[in-house]
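Order of writing sets the labels: A, B and C. Residues in every chain begin at 1.
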Amino acid sequence: MLAVMFFAFIIQVVSRYFFNMPTGWTSELTVIMWLWLVLWGAAFVVREDEEIRFDLLYGSVRKGVQRVMVICTALVLIALFLISLPASWDYVTFMKIQSSAYLKIRFDWLFSIYIIFAVAVVCRYIWILARALGARWPGKKPHQTGPQA
Amino acid sequence: MSLTDPFTACILLLVTLAVLGLPVAYSMILASILYLLMAGLDMGTAAEQLLNSMYTSYTMLAVPLFILAAELMNSGSMTTRLTNFANALVGRFRGGLAQVNVLQSLLFAGMSGSALADAGGMGKMMMRMMTQDGKYTPSFAAALSAVTAVVAPILPPSIPMVIYALVSNASIGYLFLGGILPGLLISASQMLIVWWSARRNNFPTEEPVPVRELPRITLRALPALMLPVVLIVGLRGGVMTPTEAAAVAAAYALFVSVVIYRDVGLREFYTSLLNAARTTTSIGMLIAAALVFNYIVTIENIPNAIRSLLLSYDLTPLTFLLLVNVLLLLIGAVLEGSTIILIIVPVLIPTAAALGIDPIHFGVVVVFNVMIGLVTPPYGLLLFVVKRVSGASMGAILRDTVPFLLGLLVALMLITLIPDIVLFVPRLFGYSG
Amino acid sequence: QSNVPLRFSAVFSQQDIRAEMMERFAAALGDGFDFQGFYGATLFRQGTELVALQRSNLEMGNIAPQDISEQLPEWSVLTSAYLFRDADHLVAFFQSDAGEEMKKMAEDRLGIRVLGPTYFGVRHVGLRNQRDINTPADMAGLRLRMPGGDSWQFLGQALGANPTPVAYAEVYTALQTGAIDGQDNPMPNVQNMKFYEVMSQIVKTSHLVGFDVLTISKSTWDKLTPEQQAQVQAAADEAIAWSNAQHLQNEADLIAFFEEQGLTITEPDLAAFRTYAQQLYQSSGAAARWPDGIVERINGL
């Protein structure tokens, strides 16, 4: 998706400057890709240790306490995301009445990524919760050990 | 204020979840959902705000593309060649590579208006250069990359200044000019601090490079060094807008690595894309969540509360500016930058105008304040970005940020107390304020 | 009985004349209403207010006719070039039978009630470098920045130019560097955004009378008593009339101001522009969705 963003931008610059052609669809495509990239990535790609979080407290307490912290936050997340899911669904499906300006994609399709994201995050945290409740809780490293490649 | 008040509950939940270690982005979204639930509002608004604000945030697209540009530079030999060049130039001095980091941000500031893009993109490259062979601690490299990035939106072009001009009716051209001296002041103060801590902490020097080697090393690094030139020419020459410049930077990095240096293939390109996408996701999620949280702050009428607070005091221009500094630094610790300019600053502008404060001076002071907020915990976006990239712990990064933060505060005081630092250059170009 | 909450969201800033228009509106409402204005698109983003109204997350909004025609193609006629002659013509239309029919359409099919048009200036073309422009043919090859979206880009073509979308916040830089040759905005925007600093000429093409519509959601409207409805409509009429007069005065003053700033102001052959644009619109697909005879009825007002 980042590649699509990148090439769409290049087409935009080239076609405006060198060919003097209008290119609204390229900006639209990049914005769509940006939205999908972030939410899709958050749902399926980013690993637990890549998330941006405060680890001051988490990193300084015992493993047992860490486990309680994980259980509490996971429960809150699952509960609130599930409670809001019907309303989110309602909003996303409501958007079928509008389409994007250039590519004419219906907004309910464009915005469906939020539902995918919300469901995926709930599933992930159910899994994290189950692991924290289970016997073989591995604990988590307080922070990454070195720069990412 | 009680637990049944939606806004109080929302803030409490946000702080609790974040302290307990839930990712900050999720903490903000969940706190917002709780607010909507308790206030009896449509919970679909959380989705609505996240989706629409991302969908309409065209100028933010510079962030992922500058990150990609830096990834591409890292995957080939561009970074190494730049390191060699920088080493040859200032490596023999104590803390030379750290000085290079400051210079890099100054150069980058001339082509980008986004501090996040600097820290997430070029900052990553600098951190890798500084920490390889264990020369500097990851936390110092991270702290330095965060604070040096602050200069990006102070020097033109600048996204926050465009937003300020939008809400204040100040001239964008003069605002840009007004940022020049303060930007140089920031970088100069940072070089001074690096020089000071280099002597105190005995930072490494690099092997002196013979002067006759210099032309060869410069030539090898030349295509990489040309990047700022290409961007500045492209911007001034009207080939591209500032947002598009990010894509051109990536394209140029790809071109140099594939065609000139010939050390990036399809596989490396793919890996760079993937890495850049991962970084983009974490940072993008944080921005998205901040935009949802904004809705809550706006609907709660926080800006109006501030306005009436200000009106209840009898202020002189100077006490007002100092109060604004304190206020924005406090808010900057918990809210995202463009949000502050869009929501809080319009509340302050009428008072500033009534007190006879120059709008260009006020604008630069505001943008400077907001940028300091990016490196002030707990909500310091730049700190999160460098932490994410460097892997150092937040505690260590914060410790190493302190001297630079003090330096920035001193610079802020100077700019606040001496309007001429801001207004000198605009006046050279005919500004009559 | 508790007050009726009226949350209002608009793209214009707190410093805009129209923000003061809303303060006047709120003051004229008197007791019984709880008006809260959010400006600068801080509550809802540009273009999303209509859906917010329809989903009861907002009671009032200042909606662009372009946004309405997204859901109601019949309204796209109101966004076409050279339709209204000036602000008075615009107001006259909304008070005419034809105007009532369009408002009724929006009420029945979109669930919003239009209180009246909020005029914000006539759009003219502004150029980076001086150029002799008399007819649409003189616009050929000109990179003219138009807002994003099909209907805006089409408007650019209807002027004979090469339309290109650039984000509003980047227009200043794009003009300065020459990424674009010109932009089209009403004069108050040219002043607000300081475009005149990087422009050298204004061609008074008067191609579009810029307006939004002050709107209240139908669900809120239907809950009001007949007295309250009359009160809201009267307050809106009065505030809108005040704002329109302010804008007209402002535009007249700005011409002098821009000339003082060294800009050249030229008058092109408006008849040539009008003929060219109306032909292009009539032969395009958009006109097929317009209500029968609407253009003639508006022209006749």
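Just so we're on the same page, a contact is a pair of C-beta atoms (placed from the backbone, for glycine too) under 8 Å apart; a residue touches a chain by one contact, two chains touch by 3 or more.
Protein names from UniProt, one per chain: A = TRAP transporter small permease protein; B = TRAP transporter large permease protein.
Just so it is clear, the model here is predicted, and its values are computed rather than measured.
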Contact-richer chain pair (by C-beta pairs counted) among A-C and B-C: B-C
Most centrally placed chain, judged by C-alpha centres: B
Whole-Å gap separating chain A and chain B, where each centre is the average of the chain's CA atoms: 22
Distance from chain C to chain B - Cα centre to Cα centre, in angstrom: 35
For chain A, residues contacting two or more additional chains: 17, 27, 91, 94
Touching two or more other chains - residues of chain C: 51, 55, 167, 179
Sequence positions of chain B contacting 2 or more other chains: 42, 44-45, 48, 55-56, 58, 239-240
Interfacial residue positions of chain B with respect to chain A in the complex: 13, 17-26, 30, 33-34, 36-37, 42-48, 50-51, 54-58, 60-61, 64-65, 68, 124, 127-128, 131, 138, 239-240, 244, 246-248, 250-251, 273, 275-278, 280-286, 288, 378, 384-385, 387-395
Contact set on chain A toward chain B in their complex: 1-3, 5-6, 9-10, 12-13, 17, 27, 30-32, 34-35, 37-39, 41-42, 45-46, 50-59, 66, 69-70, 72-73, 76-77, 80-81, 83-84, 87-92, 94, 110-111, 114, 118, 121, 142-149
Chain C residues within the chain B interface of the complex: 7, 13-15, 36, 38-40, 42-48, 51-52, 55-57, 166-167, 169-170, 172-174, 176-180, 192-194, 197-198
Residues of chain B defined as touching chain C within the complex: 41-42, 44-45, 48, 52-53, 55-56, 58-59, 157, 159, 162-163, 165-169, 171-173, 235-243, 294-295, 298-299, 301, 342-343, 346, 349
Contacting residues of chain A [partner chain C, same complex]: 16-17, 20-24, 27-28, 91, 94-95, 97-99, 101-102
